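Next up: some structures, all given as structure tokens.
Next, two complexes with subunit A in common: one pairs it with subunit B, the other with subunit C.
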Partner chain A sequence: MKTPLALLVAAAAASLCMSRAAAELRIITVDTSLADIARQVAGDRASVESLARPSDDPHHVVARPSMIVKLSRADVFARIGMGLDMWADALLDRSGNASVQPGGKGYVDCSRGLKALDVPSGKIDPSMGDLHPEGNPHYLLDPAQGILAAGNIAAALIRVDPSGQPYYHSRFVQFGERVKAGLQRWSTALKGLPNRDVVPFHRSWAYFLARFGLREFGVLEPRPGIEPSPGHVGALARLMKQAGVKVVLCESFRSKRWPDLLAGQCGAVPAFVPVAVGADPQAGSYIAMFDTIIERLVGAAG
Partner chain B sequence: MRNLWALVALVHGLAAPVSPAAAQASAPADVEQLKAVVAKQAEMIRELQERLSKLEGASAAGKAQSSDEPPVPAVTLPMPASPSRSVGQGGSASALPDIAVFGNNLGRLLAAKGEPSRSQFRISELELALQQRVADGVLFRSTLAAGEEADFAMGLEEGYVTFTRLGVPGLGGTLGKRRLPFGKLNPIHPHAAPYAETPAALRYLADPDGLSGNGAALNWLLPIPSLYANLELGAVQVGASDAEVARPDLTGATLPLGLGATGTVPMGRLWLSKALNPSTELEMGSSALAGKADSGDSVRLVGADVTLKQALGAFSRWQLQGEALWHTRRDAGSRLSHTRSGAYLAALYAPDQYREFGLRYDDSRLPWPLEGGERLLSLIWSNRLTESSLWRLQLAHGDRTTDALLPSRRGLTELTLQFVWGAGSHSHPLQ
Partner chain C sequence: MTLIDVVDSLRLNAIGLMAGMAAAAACSFLGVYVVLRRIVFVGAALAQVAGAGIALAFLIGPLLAGVAHRLMHVSGPLPHVGMALERLVRDPLAVSLLVTVLAAALLAKPAMGAAAARDARIGMTYLAASALSLVFIVRSPKGLDDVRELLDGNIVAVLNGDLIQMVVVFALVALTHAAFYRQILFVSFDPEMAATQGFRVRRWEQLFFATLAVVISVAISKAGLVAVFAYLVFPAATALRLVRRMGAAFAVSVALGIVATIAGYVVALLADLPTSPPTIGVLCAFWLAASVYRWRRPLE
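So, the complex of A and B:
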């Protein structure tokens, strides 16, 4: 009896020590885009890891126990929030890490300070599809909101590691300037589009379209999260043909079946674009991801 | 253009009080003062014209997107002193807990003659789920359920709080009534399970309605890098299942299906999981609990489970899962122990976010002293309509042999249709 008890006590002591012996900060993010933004801010003062893979849909990540191990040892946890990554809540509950629980100093909801779009009003119900009561959660597809996320992450890093404030602040400002330079470049590239209407697969693009003055002509999903039907696709194709809409915008993790069907019926071109860092060989960073998106969008628009 | 009008107004406004004054001035000192004012105003006008030219130039350059484009967030840090919490972005604040309702409709389209639910499709269970954080590190969950077997009387299926901050990193606790963490499938509510029919081993050896208990448990995430190892130990009060069958000795006595223990029992579970690569995870677990039946018999239930899952794409995935249970009853009179076992092995494949296909093999005996058992092969087809609504078909074929009051038949075929609907915000503990 004494031996198992001694082992348990030793393990408890090891548990306490491990939480204090970290040589560098550990940042865990829900997806790879936030991971890249965190890397830009934290530099070499932290290691960064994403829970989701680049090819995952951020709505539907399968929570796995190995993710709990990562969260249990994290100093900072950064999430997209707004109900997009609810799968992470079960992991947080199990992690036993007070620092990264909501309200903890290492917990970051990167949507903090966002002026949300598509906030539903009145009563909503499941017949309307998978609506998010707090608004459209795909704000990271507006590169400018990457600055907001970076600021929230930098603030958490300073809470956890106050001595690094000048370093994090400086890197945050540098990241902000790179995004601003990118915004000039991307705006210029999109200025010449012959038709500013696009048809996305899912309503992920509200922030992106608003940023670059593009318009959502229609959506391939009849309602968020609901599978398209041939009837809906046919009706949408007729309207697109009449209006001369040429671009179907689709996240690269989705099946090509419906976008190809729609594009084939109206002579449009599907643009399959990465929406997470690493989802495409060209999308190696948050900024490179937008270079790829814009390049493919302009290419599809002809 | 607005800037231009502002400039005109400004110049006009500045000039107006000066001109009458200048008309009345006659002294040289006044003339000099007036010259100084005019020079100053001329300088101001030059500066304003420069600013106007710059603004007009910038406006022309960004005309395509300037009017409706949202502002770029300032590159300034938010206040780091206040940790962020998830709060509503645009909705109104609410102090209500998350509320969700689920309905589980089951129909036996094909079943053996004598099966009460044959050729019927009706609601089997309605669940009202409430959950909310009640304090930092304290979360409550409750499920009120009305089931067909209890004439839809509403009862507490689950009501418990979890504690995530108990001082030692990785240590948490649970207090209250819940479906026990015995294996992989038992903690899952019927509406969230990937099957229309619960595997026979769980129905016969654990509890037909899910093994639940009321008590306290501690769970500890063992500090082993790169391996998830969670140990849960607790003591819970369990009750006999409502589902009873007659004893085979024809004495008229009945025996509950499932565990058969009542009162407070110790329970434990060790759950291990290892990521083989970013897409593949191997999980293994063992669970045990032991107690006493009303008759004084000692009862013990031991389980082992293994799950291998791989995500292929964003939505496509497959999973192989198996559980085995050993139910041991030690007769108080004869002091003889009798062990009965059961298991299931299931393969599930989801090609996209809407559909899932499965194949499951069940093989289980009934707990002693009941004789017989069930051996079935099932095909499962699930089609998801929304995040919380789906329909499912489960076609089972095999043998159900027993001398108790169960529909007994060799070569039986059953087709079960399930329709699950749900509304409201809800999340489940990780399984």
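So, the complex of A and C:
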């Protein structure tokens, strides 16, 4: 009887030592894109983990018990905000970690300072679909807003770990330069598109399209969060055919059924692209994710 | 994941875990009647109806909220009605509960003529509820994922208020069953004899089905559709393999439901999964173990 008890105590002591040994800063982010941005800024001064997996729909992530433990140990919690990651609220509340609650030192809403697009005017009615009152929350699909998110994360890291300020600042500047170099590369690649109209599945692409001078011709979802009907697809396909629109842009976590149906009816090409780091073998980092998106978009546009 | 992480998680999410255990206990208790009376698919049908009720609540919620808002600005007693309606539509459980209790009343009606009459009614209720769920979900302004999230359920995201609601409702059901234990038991297993002895069979049947509907509706909105159906079937089926006496069967069934919830939570934590699938896996393992045990040591 004594031996199992001794083993249990030893295991508990060992796990306590292990957790003490890894006493670096812990950053928890809601998704893998923010995790990569946080990694670029924090370098080797912090460990970074994402709550959502790369293949998750960022609107609806199924809560797992492990998430509460991660949040309870976090020094910094970075979220997309603007109502996109409301699934994290109950977990945050359960974690009992005061420093990562809204207003806490380690709490980061990465949308802080954003000039939001698609802010609904007038009264929002639930029949309008899954609308976000604060505006379109998919700002991380504009690489330039990735710099904004990095700045917000850097500010939180400096609050939590003031001695690391020069380190975080210099890494933030380097990340910004890499993104700016990418922006030039991607803008050049998209310049030659024969038709600047695209049809996205969900209204996730407002910031991306605005950044690269592309236009949203129509949206496959009739209202945000509502699945298309065959009638809506047919009507959209006719309009696309008339206007010569060639690209249906769709996040890779979604079903291929509707984009394939629409593309098949009007001779367009669906581009299934990663919208989170790691959602595709080629999208190993935030910058590599945009390389992949642009490559597939250009490929689909022919 | 270390041992400390497991202990911490159990401590931090005690509310969710207690909600899961409450749902498990209530469903596992009623499951003994469900399994013994061979009306397992009543559980599935009512669970499906409760799900359709949640989807319906999302669909008609904005409409009813508009009506409630208008009533609140009319003179006379109508503002009170408006306020009551506004409170009612805020929680999809109210609509789900109403629809499920109505469906239970329909299923509680004794079979007329052919022995398959109730079976057919159960099947038709299940199919109609499944089809209507899909229609409501597709048309719901809350969107497919919001409704599905509620139907999937997740004890990780249960709030303090949810737990209080569950405990109050389940305590009322437990009190009802404790008060009328003899009547419900007799009418459930020997309705003809009960009728000859002056029991009002129809009334007790309706009461049993109503409590089943209430438990299923409340449990589904927190633990999810599949988990609730599993709690209704597995613990009772396992308990009935292990013990013969009714009292023991109820106790073992409830204990198995509670233990599976805790074990499923720990497995979910270690394997980084949502809670429902591992809990159902544990319930299934219990049933297999009990079957092997009974195979090696048959009841005399």
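Keep this in mind: the second predicted complex is superposed on the first by the 280 of 302 C-alpha atoms of A that agree within 3 Å, B and C clash if a C-alpha of one lies under 4 Å from a C-alpha of the other, contacts with A are read in each partner's own complex, and residues count from 1 in each chain.
As a working rule, a residue touches a chain if its C-beta (ideal position, glycine included) is under 8 Å from a C-beta of that chain, and two chains touch if they have at least 3 such contacts.
Fair warning: this is a prediction, and the values are worked out from it, not measured in the lab.
A.B. asks: Superpose on subunit A as described above, then tell me if subunit B and subunit C fit or clash.
C.D. replies: Taken together on subunit A, subunit C would clash with subunit B, as the superposition shows.
A.B. asks: Could you say whether A:Arg94 touches subunit B, subunit C, both of them, or neither, answering first, second, both or neither?
C.D. replies: Touch status of A:Arg94: both partners.
A.B. asks: Please determine whether it is subunit B or subunit C that touches the greater number of subunit A residues.
C.D. replies: Greater contact footprint in residues on subunit A: B.
A.B. asks: Would you check which partner chain A:Arg211 touches, where first means subunit B only, second means subunit C only, and both and neither mean what they say?
C.D. replies: first
A.B. asks: On the A-aligned overlay, A:Glu227 touches which partner chain: subunit B = first, subunit C = second, or both, or neither?
C.D. replies: both
A.B. asks: Considering only touches as defined above, state whether A:Arg39 meets subunit B (first), subunit C (second), both or neither.
C.D. replies: In the superposed model, A:Arg39 contacts neither subunit B nor subunit C.
A.B. asks: Of the partners subunit B and subunit C, which touch A:Met86 in the superposed model: first, second, both, neither?
C.D. replies: first
A.B. asks: Which partner chains sit in contact with A:Arg171 here, subunit B, subunit C, both or neither? Use first/second/both/neither.
C.D. replies: A:Arg171: touches no partner chain.
A.B. asks: Under the stated touch criterion, which partner chain does A:Arg26 make contact with: subunit B (first), subunit C (second), both, or neither?
C.D. replies: In the superposition, A:Arg26 contacts neither subunit B nor subunit C.
A.B. asks: Kindly classify A:Arg296 by the partners it touches after superposition: subunit B alone (first), subunit C alone (second), both, or neither?
C.D. replies: Neither partner.
A.B. asks: Looking at subunit B, which part out of 201-209, 291-299 or 327-335 clashes with subunit C after superposition?
C.D. replies: 201-209
A.B. asks: Share the list of subunit A residues that count as touching for subunit B in one structure and for subunit C in the other.
C.D. replies: 11-12, 15-16, 18-19, 57, 60, 62-66, 68-69, 72, 90-91, 94-96, 125-126, 129-130, 225-227
A.B. asks: Contact residues on subunit A for subunit B in the complex?
C.D. replies: Touching subunit B: residues 11-12, 14-16, 18-19, 53, 55-57, 60, 62-66, 68-69, 72-73, 81-83, 86, 89-98, 101-105, 107-109, 111-116, 119, 125-126, 129-130, 133-135, 142, 144-145, 147-148, 151-152, 154-156, 158-159, 165, 169, 172-173, 176-177, 180, 183, 187, 191, 207, 210-213, 225-227, 253-255 of subunit A.
A.B. asks: For the complex, give me every residue of subunit C touching subunit A.
C.D. replies: 1-5, 8-9, 12-13, 15-16, 61-62, 138, 141-146, 148-149, 152, 154, 156-157, 159, 265, 268-269, 272-275
A.B. asks: Which part of subunit B faces subunit A closely enough to touch in the complex?
C.D. replies: Of all residues in subunit B, those touching subunit A are 62, 64-65, 68-70, 72-81, 83-91, 133, 136-137, 139, 162, 164-166, 168-172, 219-223, 225-228, 230, 271, 273-275, 278-279, 281, 283, 309, 311, 313-315, 317, 352-354, 385-389, 422-423, 425, 427-430.
A.B. asks: Which of the residues in subunit A end up touching subunit C in this complex?
C.D. replies: 8, 11-12, 15-16, 18-19, 57, 59-60, 62-69, 72, 87, 90-91, 94-96, 125-130, 223-227
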